[in-house]
Structure formats: C-alpha cells, structure tokens
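The structures come next, written out as structure tokens.
Look for subunit A in each of the two complexes below; its partner is subunit B in the first and subunit C in the second.
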Partner chain A sequence: MSNKRKRIDNLLKGITYFSASIAAIILLFIIIFVFKNGFGLLNIDLITNDYHAKFYNGGIEEVTEFSKTQRPSHLSDEDYYSEKWGIALRDDLDREGKAMVIVSYISEDSPLYQIYDKNNDDNDEFMIEKGNLISSIKFEDKASALSVYGAQHMIQILNESNQFREIVFSSLGGGIRGSLITTLYIIGITLAIALPIGIFSAIYLNELSRKNKINQMIRSMIETLTGVPSIIYGLMGLAVFVPLTVKYTPATSANLISGSLTLAVILLPVIIKATEESLKVVPDDYRQASLALGANRTQTTFKAVLPSALPGILTATILSIGRIIGESAALIFAIGTAVKDNITIFGRSTTLSVHIWSLMTDEPANIELASTIALIILVIVLLLNLIVKLISHQYLKKLA
Partner chain B sequence: MKKILLVFLLALVLSVSACTNDDAWDSSKNITVYTRDTSSGTRAGFMEGIDFSDAAENDGLLVDGFLIKDNTGILSSIEVDQYGIGYISLASLNDKVKGLQFEGVDPTKQNVVNNTYGLKRPFNYIIRSLDDFANDTERDITLAFVAFLNTSDGADIITNEGAISLSSNGTWDDIKDQHPVCSLDNSSITIKFGGSDSIEKIALALTESFAPKCGNFVPEHEHTGSSDGFKRTQGSEKDGDNYKHVGFASRPFKDSEVGSEGTQGQLAWDAIVVIVHKENLVNNLTAEEIKKIYRGDFLTWDELL
Partner chain C sequence: MLKIFNTIKIKLQSKHKKDYIDIFVKALFFLTTLISASFIVIIAIFILREGIRPFIDDYDGIGRVNLIRFLMGTTWLEGQTFQSNLYGVGFIIINTLYIAFLSLFLSLPIGVLTALFIAKIAPKRLASVLRTIIELLAAIPSIVYGLFGSGVILKIIYEMAKIFGVQSKGGNSVLATVMVLSLMILPTITALSEVAIRSVNKDIELGSLALGATKTQTHFKVVLTSAKSGIFTAAILGVGRALGEATAVSLVAGNARSGPTFAFFETTATLTSTMLQGLKETIGIDYDIRFSVGIVLIVVILITNLTLNFVKKKIGNVYVK
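And then the complex of A and B:
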C-alpha cells in the first residue's frame, strides 16, 4: 500500500473518530447540564405533589396561656425558636427558588394549636404542622410579618406580640403530578388513535397497494408532512380539533383529546414510514412460501409478514412516544399552558414539556426546576425504551 | 481505542478553554445592547421610563447590532458579556450582575415606594365587562377578587412575591361581608386568569391564597403576554376559546385598550433595573444617557466614564 493511500485512509478514519467524539461530547454536555441543574430538586415529593399550594387562614381567640417549652436541643442553628409561641421556623428555598419560611418544630403546648379555620367553621382538625410553610402573620395594629423577610424576623415579631389577626400557611406547591398524569394520558390516547391508522396505512402502502399515481402521491404527501414544523400542526389543532371536540364532547375549551388528535396527526408520518421500513425488510420468501401454501394475500400479510415486522413496529412506537413527550410547540395551542392538578380528559392541562416551557417563560425563569423535569423526561424515555426492548426480545425468542 | 480517547480529550480541552475569559474590563470596547422584543411589557415600561417611547414597538430606532433576548436571556448574557447592557425587572435582579443607579437613585424597593426611583412600570388588571359574564357567580367572585387586591392581605402577597404593592385600605376581614358569594361553596366554578407573564407568579400566589377565602373556586392560569390581557377579556378574543375573566398587563393600558367603566385598575408597581456586567466601572446612568446608548449615540463605554 502506498504512503499516500495510507495517509488518506488515516485522515478519513480520523474524521470519523472526530465526528463521533464531537457528537458524544455534545450529548454528554446536555446530560451533565441537566443533571447539574436539576438533580438537587429531584425527589419523590416533587413527582407526587400538587402544583398549586393549598392555603389555610388561621384565626386565634385571646391567648390566655403561652408555651413554656424550652428550646429543644435537637434544633440546629438555622432554626429560630420562639419560647412564647412554642414554634421553630427555618429559612429555605421553595421549588421556584424563592425564599420561604418552613415550620421545623412545634411544641405540644403551643398556643398555635388553638387556631381555628377562618374559611370553614366546621373544620375541627385544623392545625399547623411541621413542614408547613408560613407565608404571613397578620396583626390588627402593625405591619404583617412576611416570609420574604425571613424566619428570624417572623419569630422576633411573634415574640413581641400577644395576639395576631391571621396566620396564613400553606403546603409546598410546585409539584408536577398533574403534568405527569397529563403526559401519560396523552401518550395513551395518542397511541390509541395514531398506531392503528398508521400501521394499517403502512400495510396498505407496502403490501396491498398497486404502484400507481395515486399511491405515489399519497407517499409523497406523507413525506412532505414530516417536514412541516409542529407549530403549524398546533394551529391546525386549534382551528379544527378544538372546535370539533368542544362540539361533540363535554369539553368547553382546548382539552386532552384535541391535544392527542393533533399529536396523532404529527405522528402518522413517523409511524407509517417506520412500519413500512420494517415491512420492507421481511424477506419475500416468507410471502411466497405462505402464498404457495394456499393462503390468500390478506392472510399472508397478517399471519406471516406482520409478526416478523413486529419488532420494527415496536421501534416505531418508541419513536412516537419520544415524540409525544418531547412535543411542546403544537401542544401550546392544542391543549393550552394552564398547569392543573385535577386532570380530566375534557379539561385543560399541560404535559411535562409544556410545563418546562411555562417555567422558562416566567420572570425570572426557573432553570433548576425545568432541568429537573427534563431529567424526569429522560428517565421516562429510557424506561420506555427498556420496556419495549424487553418485549421485542421476548417476542423474538418466541419466534425463533 | 487510545486514539478515540485522545481525540475525545482534545475536543474536551478545546471546548472548556473556549468558555473561559479572564481579560480585565476595557472601557474602550463597544457596548453590546440587549433588549426585549416588541411585545414585552418590560420593554414598553423601560422605553417609557427613559423617554424613548417611540422605540417600544419599533426596532428600527435602536442602535445597529442590538440583540433581542428574553428576560432570562438578558440576565445570563450580561453575566458573561463584559460589555453588555440590558434591563430586567427588579424582582429578577441577583448578585451575579450589577444593577445600576438611575438618575443617582439606587434600585431598591424603598426608593420605588417613596417615589424617588423613576424607572418603574405599573402592573395592571382588567376584568370582563360586568354584563358579559356567563353567570352572576363568576361575576361576583371576580369582583371579590378585585376587592381583595386592594386589601392589606392582597398587598402582603404582592410584597412577598417581590413586586411593590400600592397603599392598601383595610383587610379582607373588614370587607368580606360585602361579598356574600364567598361564603358559598364555589368549588365547581373555574375563574380564568391570563395576560402578562411577568405577573404570572404574583397572580398565582394571589389566587391560591384567595381561593380558600372565597368558597374554593378553581383558578386557572394561562399567561401569554400583556397584550392578551385586554384582548381576552374585553377585546377581540373575549368570546374565543382562550377567553379570560381577569387579564393582567405589565405596562399601562394603551389607548386602544380602554375597557368599560370600573373594570380596570392597578395592583402593584414594578421597578425596572438597568444591568451591566459585574466588572463594569459605570455605577449610575441618567435617562438621557441610557436613551443615547439605545439609540446609538454612545457606542463605547469610554464615552460614559
């Protein structure tokens, strides 16, 4: 081999190494970025909690006896304790990165156990618990103690007071349970609509159709659809599917079904093309053997060809699930951006990726929480991939 | 395998070294001007504040080569761009950038409340016309919410969220008897809030806190920008799929956005802060100087020192 030839070979090989490592580095950077920003907020509460905090307004009668509990020894330096009211508060940051004051301890003889629910007279089980956030304590005669000024300030004001008008406390909001459930609903409904239509169209195009002008036109139209930006599908969803669902379902505005229908249209080309590819690789011998044994064309397609193409179809399904989870532009129009906790398929809500969008358009944007959700999306996609791999593996074993 | 690792390492080193920048601040460098896009309420408030209102919706009047970024984009760009200048809302200001004095006054809440800091914008609300609600309950809850905005309880929430509340009169306890709708069970009623996304967090905190006081109605938030505040309550989209009961605008309502009587008002002030890189030597700018930077009369930092 001549030297020149060697040099050229090495150069070409070097280019492949270089391109592969650039791709790997970029992907690695994205994952590192998401992990670095998002891992701190990742916990089970985030996934199971509601997005909207639940607020309570506590009132209090004349306090006759104050707490006598000394500062408990297990409290750290960050806890500010009021002996008078028997409560310890601590500064923390909530999921939006905003200052909050959290109850870290409440003694058994605390006068705060005497508060009543101002919004519901019949609520007997009303009380402040460890882990609640205190957003403000309001007085008749002086300015309120607000969480934005910190726990120390709040305890100081409490120590100076014998009575308050109202204490406002809440659960920790900012959870993504609602968006997660919406995402799962959307995946289910979209696949239920798009998979049958997509797979049967692909079978028609690849197995049953004749090579003529009309079928060629259908093919090229499907190909064109792949290149249309998803926001245009979103506009179509808003213009066609939202009024349609409002007319024929109990929905009154954009809803999960209109969103799923929109996504189903986006997915059709993906599913059709991937299914067709997997049908194409099924050897023609299968078909001929089946036909030779006396099966007709339809029987051959559904009994002999389709089972062999199943792993490919499953791959198409994963691809489309990934697309459903990742899609945001179309859904902003087709189901809206309202983050909800009570999910119904006829109501508005958001998927995880639109939730990221709405976090990023806030002022200031919440990059940490957005990264955490991105991380969760990565994990879901990974799990789905593994599940489908497992299924197709089992299936292939059965076939063999 | 070794080769792959070597190339991998090389690329890593190259990309890391491209990120660092240790040069000292050089005032002879050109100013990079950052701005929000024309639909932003922050931009409208800022241009108004520096007496350059014509540029609120006209990019053509700005200096050549200006950059359009959103709020987060401006903040993170100024963090690394030593010669950049941009503007953000006071609530977004952090210690990674330098917030400049405006006409010699520090950008603090106190200075906005005592009316010495000039660069500020109003946070406004608008509700549907009173005869345009689907039913009386929705109207009464909306009116109760507006009344709540003017109480000290509403003001506390606004302060907690980083905006500057207006002077309040009375508490919700004082006026709740005037809103009998709030003593009913409203948990089947959805009230829709929209408009400015700068006000989204404040609006969310207000409704989350107000809902239990008013029969647990369901607040639904969908914030898409100031111009949708009027459009979706009394404007062209008021009967569309995106209609809202309450809209917000983070700028004064325009002449084309006058609603029916008694349906509009202000809930808070927000200050806008001009920000530059931490190493920038400039501490104070006047409205005139900022206007000249954005118009392109001043091109380098030298001219301002």
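And then the complex of A and C:
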C-alpha cells in the first residue's frame, strides 16, 4: 500500500470519526445547556407550587394577645424574627432578580392568624403561610413597611407597632404543579384509550386476519398515519375531538380529553407496529401447540402468544409515555396553551412540554423556568429510553 | 320468547361455545383495527372541510380568500387590525422547502458518515455507545431542541451576524432554523442509514477487498454506493420530518410576514410556524386559514415524497437485499 493511499485512507477515516463525534457533542451541549440554565430553579417548591401567584389583602381586628413563642432554633441568621408577632421573614430574590421578602416561619399563636380577607367576605381558609411573599404592611399612623427595604426593616416596624391597617401578601407562584398533574392525567387517559385499541388492532392484523385486499389496505392506511406530522394531528384534534368533547361532556372548550384522544391517535401506529413486531417474534410452535391441544384462537392468542409478546408491548408503552411527555405541536391545538392551577379533565390546561412553549413565546421569554421544565422532561425521557434498552437487551438474551 | 332464549342458551352451552367467543373476539378486534385505520380518512375529511372554507365563505364582509393569490402570494397579512383576507402562502412554501433541503444538505453527510463509522469502522464498544447516543438524541422532544435553539443557537447567530455586519432580529433567521432542524433530523438519518449500510451484502465487500482495494476504499466506494437506496430512504424521511416540524422551528424562525427569504441572517417563516401564529382566535377566518395552510403542508409533503421516490427509482440500485 502506497503512502499516498494510506494518507487518503486515514483522512477519510478521520472524517468519519469527526462526524460521529458531532452527535456526541450535540447531546452533551444540550444536556449542559439544560442543566446550566435549569438546575438553579429545580427544587421541591417549584414542583408543588401553583404557577399563578395569588394576591391577598389581609385586614386585622384588634389584637388582644401577642405571640409568646420564642425564636425557634432552626431559623438561620438570615431570618429576622419578631417575637411579638410570631413571624420570621427573610430576604430573597425573585426570578427577575428583584428583592422580595419571604415568610420563613410563622408560629401557631401568631396574631396574624386572625387576619381576614379584605377582598372576600367568606374566605375561611385565609391565612399567611410559610413561603408567602409579603409585599407591604400598611399602618394607620405611619409609613408603610415595603419589601424593597428588606426583611429586617419590616420586622423592626412590626415590633414597634401594636396594630396595622393592612398586610399585602401573595403566594410565590411560578410553580409547575398544574402542568405536572395535567401531564400525568394525559398519560393515564391516553394510554387507557390507545393501548387496548392499538394492541387489539395489532393482534387482528398479525394473528387473526387473512391476507386479502381489504386487510392490506387497512394496513397501509395505518402505516400512512406514521408519516403525518404532529401539527396535522393537532388540527384534527381541533376539528374533530374538541367539538366532540364539547358536545358530549361538560367541557366548554379544548380540554384534557380532547388532548388525550389526539395523542391516542398519534400513538396508535406506534403501538400497533411495536406490538406486531413483538408478536412476530413469538415462534409459530406456540400457536400450533396450543391449537393442537384444543384451545381456540382466542385462548391461543391470550394465553400462549400474548404473554410471550409482553416485553415488546411493555417497551411500546414506555416509549409511548416518553412520546406523550414530549409532544407539543399537536397539544398546542388540542388542549391549548393556558397554564392552569386547578386541573379538571374537562377544563383547559397544559402539559409540561406546551408549558415550555408558552414560556418561550411570552415576552420576555422565561428561559430559566423553561429550562427547568426541560430538565425534568429530559431526565424522564432519557431514563425511559434507557429502561427500554435494558428490557429489550434482557429479552434478546432470553431468546438467545 | 322463553323458548328462543332457551335455544340460544343451549346453543351457547354446547361445544360450539368457544367458536362464538372466537367470532365475537375477531369481530371486536376487526372493529378496533377499522377505527385505527379510519383516522387517516378522518384527518383528510375534516382538515379539507375546514380548510376549504376560507375560499368559499364570505366571513361577514371580510370576503373570501382568492385561491390563486393564496398559493402565489408573497405577503401574509393577518390579525384583527387588517381584517384581512389577503393571505399569501406562496413565499412560505418556498421558504419551507428551502429550509428543509438546506437542513438535509447539512445533516445528510454527517449522518451517513456517522452511520458508516458506527456500522463498519468503530470498535464494538464505541459503536454501541454511539448508537445509544443517537437513540437518546432521537428521543429528545422537539420542544427541547427548540429551547436549545433559542437559548444557544440564536445567541451564536446573533454574534455571527454582528461580525458579518448584518442586522439580525435577535438571531431569528434562516440559519438558526436550518441548524435546529439539522440537529433534529440527524438521528433519524443516522439510524436509518446505519440499517442500510448493515444490510449491504458481505460478498460485495469481500469482492472489493479481494480486488486489492483497501478497507477504507471499500467502505467509501463500495459500501456507501451499495447502500445508496437505503440512504436515500433515510433522506426522504429526514426531509419529511423537517417539513412537518413545528414548535422548535416557530421558536427560531422569526415569523417573517413576507418573502421569500434566502439570505441566511434574515427572518423566515415555515408552513408550520405560520400555523402556530395567533392562536387566540377560536372562530373566523384566522382560525380556518390554519387548516388551509395544513392542507398546503400535506400537499407539499406528499409532492416532495413522490418526487424524491421517483428520483430514488431513477438512481436505481446497485444491490437490493
């Protein structure tokens, strides 16, 4: 082999090494980007909090008894505690970097438990809770204590006062509890619809149907579905399922059911194909043995064939879950983009993926929160895929 | 009446009971299969029904959309302010095709070479790691690609535009869209090309080696040529995905209202990003026109697929397994 040939060969080989490394670099970049931007916000509060902050004006009757609770030992140096009012406040920064004052502790005998909602007469559960933001405390006879002056200042003024006119506070907001619950609901409903239909269809096509023109046409129709872009499925959800659910359920607009139905249609060809593949792997001997023993087709299918095909169906299900979590274009049409905190299956709300889209199309875009949600989605989806890989690996080992 | 019930009961209890269950189950499963298959028809009917309305209905004085102008138009006027029936989708069709093929141009060579590396060149361990990486890339939801695009790629392109001395709207541009789409179709192309490369008959390879060609020569000249039909299929699927991708594109395209745009740093619009604009309406021409664009998208994808499949046949095959 001439030296020139060697050089050319090495160059060509080098190009393939370079190309292959691009994929790895992209994956690495995406993961680093999502972690870097999203990890800061990731905590349990984000997952359990509502997205929309609720604002309250609390008024107070005459205070008869002040708190007697000593400063609790678990408070850190950053917490400013008022023994008189039994409340601890702390300085913090919100997502835009503005100063805010957050309630870090409130004692059970705090007079602040007696406040009433000035905006709503019969709000029984009204109270200040740990994690609320205090924006201002207004007094009759002196200047208001505003959050911009910090927690220390606020506590100082509180300690000097025996009475106030109004306390303005809000819940933290910015949480993703609503979208998370919606996503879980959608996964449940979609799988409940798509799995039986998909698996039954696969069984029909692979086990029961004869090879004729009609069945071939049905098969090619289902195959055509795979190539349809998800935004077209979204249009179908908008044109078919939304009116359908509005007519037959209490829903008044796009809702979780219409979203789930749309997703179910997207998943059908995927589930059918995966199930069929796993049915094809089952050796024909199983069927013949079962039939020879006097079992009928149904018994053979359910008792002999399906159990062997179970790993394949399981992988299809897991992949479907990943697909549901990641789907955005179809759902933007089929359930809308409104981020909601009170989730009902007949109401509007939105999944985690669509939540990212709404955050990014807002002005200004909230890249941090979007990345945090993306981080959650990414971890779940990549884990699901690795699990699938593991299952099929085990299964192949068993077969071999 | 009772007699009939009894006969049915006896019939069911007889030894043929199993057969009835078989018939029932078969009928049920056939029904679900019919339901699965019918969705393609439902999609066609309903999107056509809604999408045709802007060309027929008068919309209380706004007027119907002119089909020729719609298909050839170079501006897209929408929104309450315009009360408009002046939608032009012609430039968007050109933009969409331009972007899809540019993306393919970028990711096809990289994808095919990666596939070749995984299938033939890499050591076994490395190959399986890379295969997992490709699978994970394919599993990443498009919205995350969109987020990555607007968080990283837009910034890079904004800086690049500054270096070139061109204005760019925060990086939203043809180039950004092409890059995001290339990333997204890369795993599809790689995975499918790998299958194609693997299915090349070993004899052809051995023949080439026996004739004195080096391994690398064989890989590039013989294996790739033999797999070209499969690689073309991968390219067709890649273009299909690029044409239909919606959310990620809408975050980086910039939603140009007129065009067509070919310059890399100018904003652009695709059929899908146009469909995602102005989601507030639930009725009226702005709502219906989305379906018309949907029809155009389906037709564009169909025509592209047919053309590429025709080209694939013309190119022919060295070897088909």
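In this text, the second predicted complex is superposed on the first by the 247 of 400 C-alpha atoms of A that agree within 3 Å, B and C clash if a C-alpha of one lies under 4 Å from a C-alpha of the other, contacts with A are read in each partner's own complex, and residues count from 1 in each chain.
The rule is short, and it goes like this: a contact is a pair of C-beta atoms (placed from the backbone, for glycine too) under 8 Å apart; a residue touches a chain by one contact, two chains touch by 3 or more.
Note that the coordinates shown come from a computational prediction; the quantities given were computed from them, not determined experimentally.
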{"item": "Contacts of A:R177 with subunit B and subunit C, given as first, second, both or neither", "value": "neither"}
{"item": "Subunit B versus subunit C as contact partner of A:I222, first or second or both or neither", "value": "second"}
{"item": "Which of subunit B and subunit C A:V240 touches, first, second, both or neither", "value": "second"}
{"item": "Partner chain in contact with A:A24 - subunit B first, subunit C second, else both or neither", "value": "both"}
{"item": "Partner chain(s) touched by A:S147 [first = subunit B, second = subunit C, both, neither]", "value": "first"}
{"item": "Subunit B versus subunit C as contact partner of A:R71, first or second or both or neither", "value": "neither"}
{"item": "Which superposed partner A:S136 touches (first subunit B, second subunit C, both, neither)", "value": "first"}
{"item": "First, second, both or neither for A:V339, with subunit B first and subunit C second", "value": "first"}
{"item": "Which of subunit B and subunit C A:R287 touches, first, second, both or neither", "value": "neither"}
{"item": "Most subunit A residues touched (candidates subunit B, subunit C)", "value": "C"}
{"item": "Where subunit A meets both subunit C and subunit B, residue numbers", "value": "17-18, 20, 22, 24, 29, 253, 336-337, 360-361, 365, 367"}
{"item": "Contact footprint of subunit B on subunit A as seen in their complex", "value": "14, 17-18, 20-22, 24-25, 29, 52-57, 96, 98, 118-119, 135-136, 138, 144, 146-148, 165-166, 168, 170, 173, 238, 242-243, 246, 253-254, 336-340, 342, 348, 360-365, 367"}
{"item": "Interface residues, subunit B side, partner subunit A - complex", "value": "3-4, 7-8, 11-12, 15, 42, 70-72, 75, 88-89, 91-92, 152-153, 156-157, 159-162, 171, 173, 197-198, 200-201, 204, 208-209, 211-213, 218-224, 241-242"}
{"item": "Contacting residues of subunit C [partner subunit A, same complex]", "value": "18-19, 21-22, 25-26, 28-30, 32-43, 46-47, 49-50, 109-111, 113-114, 116-118, 121-122, 130, 132-137, 139-148, 150-152, 183, 186-187, 190, 214-217, 219-220, 240-241, 243-247, 250-251, 272, 275-276, 279, 282, 290-291, 294, 297-298, 301, 305"}
{"item": "Contact set on subunit A toward subunit C in their complex", "value": "1, 5, 8-10, 12-13, 15-20, 22-24, 26-27, 29-30, 33-34, 37, 196-198, 200-201, 203-205, 208-209, 217-218, 221-222, 224-225, 227-233, 235-236, 239-240, 253, 265, 268-269, 272, 296-299, 301, 322, 325-329, 332-333, 336-337, 353-354, 356-357, 360-361, 365, 367, 370-371, 374, 377-378, 381-382, 384-386, 389"}
